[in-house]
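So the structure is just underneath, and the comments pick up after that.
Chain naming follows the written order as A, B, C and D, and within any one chain the residues start at number 1.
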Amino acid sequence: MLRQHEMTVRVRYKETDAMGVLHHANYFVYFELGRTELLRASGGNYRKMEEGGLLVVVVKAECRFRRPAHYDDLLTLRTTVLRVTRAKIEQQCEVLRDGECLAVGHVTLAVVDRSGKVQPVPDWLREEEDET
Amino acid sequence: MLRQHEMTVRVRYKETDAMGVLHHANYFVYFELGRTELLRASGGNYRKMEEGGLLVVVVKAECRFRRPAHYDDLLTLRTTVLRVTRAKIEQQCEVLRDGECLAVGHVTLAVVDRSGKVQPVPDWLREEEDET
Amino acid sequence: MLRQHEMTVRVRYKETDAMGVLHHANYFVYFELGRTELLRASGGNYRKMEEGGLLVVVVKAECRFRRPAHYDDLLTLRTTVLRVTRAKIEQQCEVLRDGECLAVGHVTLAVVDRSGKVQPVPDWLREEEDET
Amino acid sequence: MLRQHEMTVRVRYKETDAMGVLHHANYFVYFELGRTELLRASGGNYRKMEEGGLLVVVVKAECRFRRPAHYDDLLTLRTTVLRVTRAKIEQQCEVLRDGECLAVGHVTLAVVDRSGKVQPVPDWLREEEDET
């Protein structure tokens, strides 16, 4: 899997709140977009993983909010794989606007089957892609 | 099933947008709360219906927005069953604040099985409850 | 303003529900994306309109749901301006997947000022763009 | 302000995702409900605080997810004020179902004015209510 991935996302009106800013819970939704696209860019596909019976669940999520984002802002999501073991995947997700970091999150993921039983993280998610 | 049901819902901060009002898409979420609780008040339970293999899907939804709702407003949802046939259920949902109508919606529902195939509306949903 | 605009949107995991499909209320969020981008493609910018004191509000919204959309589906939003008068804007929004229409919506919009008072639709929103 | 507050919240269909569980981002929305109602139970009102020009913003949010919640679950939100200084408020929010803890979150809040400038936490938020 790729170690890092960047994509852009534009803040939707629905995602703002009465303070006129991107509501903080939506950052966690953005982190999810980031890891979906990191997986796709690595040649994987989360939808196919699920159809194959493996679900990726969030075990822990955290975010530090530094500056607000606003409606229509074009943000960059930079997702970095920090660590992958047989038990879990740790990712960092930075939200940037014009190079300035607005928020930094960390998410710990585990893999489970349909019944919710923890499964080992598949090998192909653990191998770092050779970018040379 | 009961013909009419009322419940209250308080506008969440997350449900507001940068205009400082309840975002219009959330009214459709409220309508869903209204019909869930109408069903419960009638002695039914949507969760059990689903577990039994019958899903209620929205075929058409519409809403006229008259006045905005704001954060922390305590709203009344009045759900009225307009018509139930073997093919569909038609409901009206009014959103009120202090007796004033802010929005009126109409939703048409159908019943399907897990594969998405249309099923007849169960008898117990079609029978009007004798309130005498 | 352009009469028609198309864009794509990918269904987010957060937008699905326990039925495994795109929750119906999210179609109205997509319609909003469609009209934002139609405006941008026409040389306008909704954010700047708001900063200038004019807000576009939804007066009526309606959608017919024909087939479900699923997580990760790449959908096409086709927004068509049906009618623009001094009082309101009427748009149609079709949601398509591989050319198949999943849902068709209609939205009626009005223009208000910060205090909520109805304003005439600005001329530049009423003039059809000359595409020749 | 009260040190601890409990309220219930029922999981909405819209809040579930294709895994059939409460989507993890919604826990942060629940935490917000918990602190709004803790404030109200303490005799305060967040809406009035905002109208008075003071906004409470989330500086950091974190959650550990232990077990999934499902549609229609009636959950208990237990909000505990851990620490209040002139600079920030630290709260813990536990999400329970039938006494079992499903998730534990921690949120750090700061107070800002309309321009986003940090303000001291008002005295009345810092004083512990005498429950005797």
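Remarks
We adopt the following convention: a contact is a pair of C-beta atoms (placed from the backbone, for glycine too) under 8 Å apart; a residue touches a chain by one contact, two chains touch by 3 or more.
Quantities reported herein were computed from a predicted structural model and do not represent experimental measurements.
Set against the C-alpha centre of subunit B, every other chain centre is closer than that of A.
Residue numbering shows that subunit C and subunit D use the same positions for more than half of their mutual interface. Subunit A and subunit C have Cα centroids lying 28 Å from one another.
Subunit C and subunit D have centres, each the mean of its CA atoms, that are 34 Å apart.
Between subunit B and subunit C the centroid-to-centroid distance comes to 24 Å (mean Cα coordinates, whole Å).
The set of subunit A residues touching two or more other chains comprises 13-14, 18, 25, 29, 32, 50, 71.
Residue ranges of subunit C in contact with subunit B, taken from their complex: 18-19, 24-26, 28-29, 32, 50, 55, 57-65, 68, 116.
Interface residues of subunit B facing subunit D in the complex, by the touch rule stated above, are 12-14, 29, 32-33, 36, 45-47, 50, 70-72.
On subunit A, the positions that touch subunit B within their shared complex are 13-14, 16-18, 20-21, 23, 25, 70-71.
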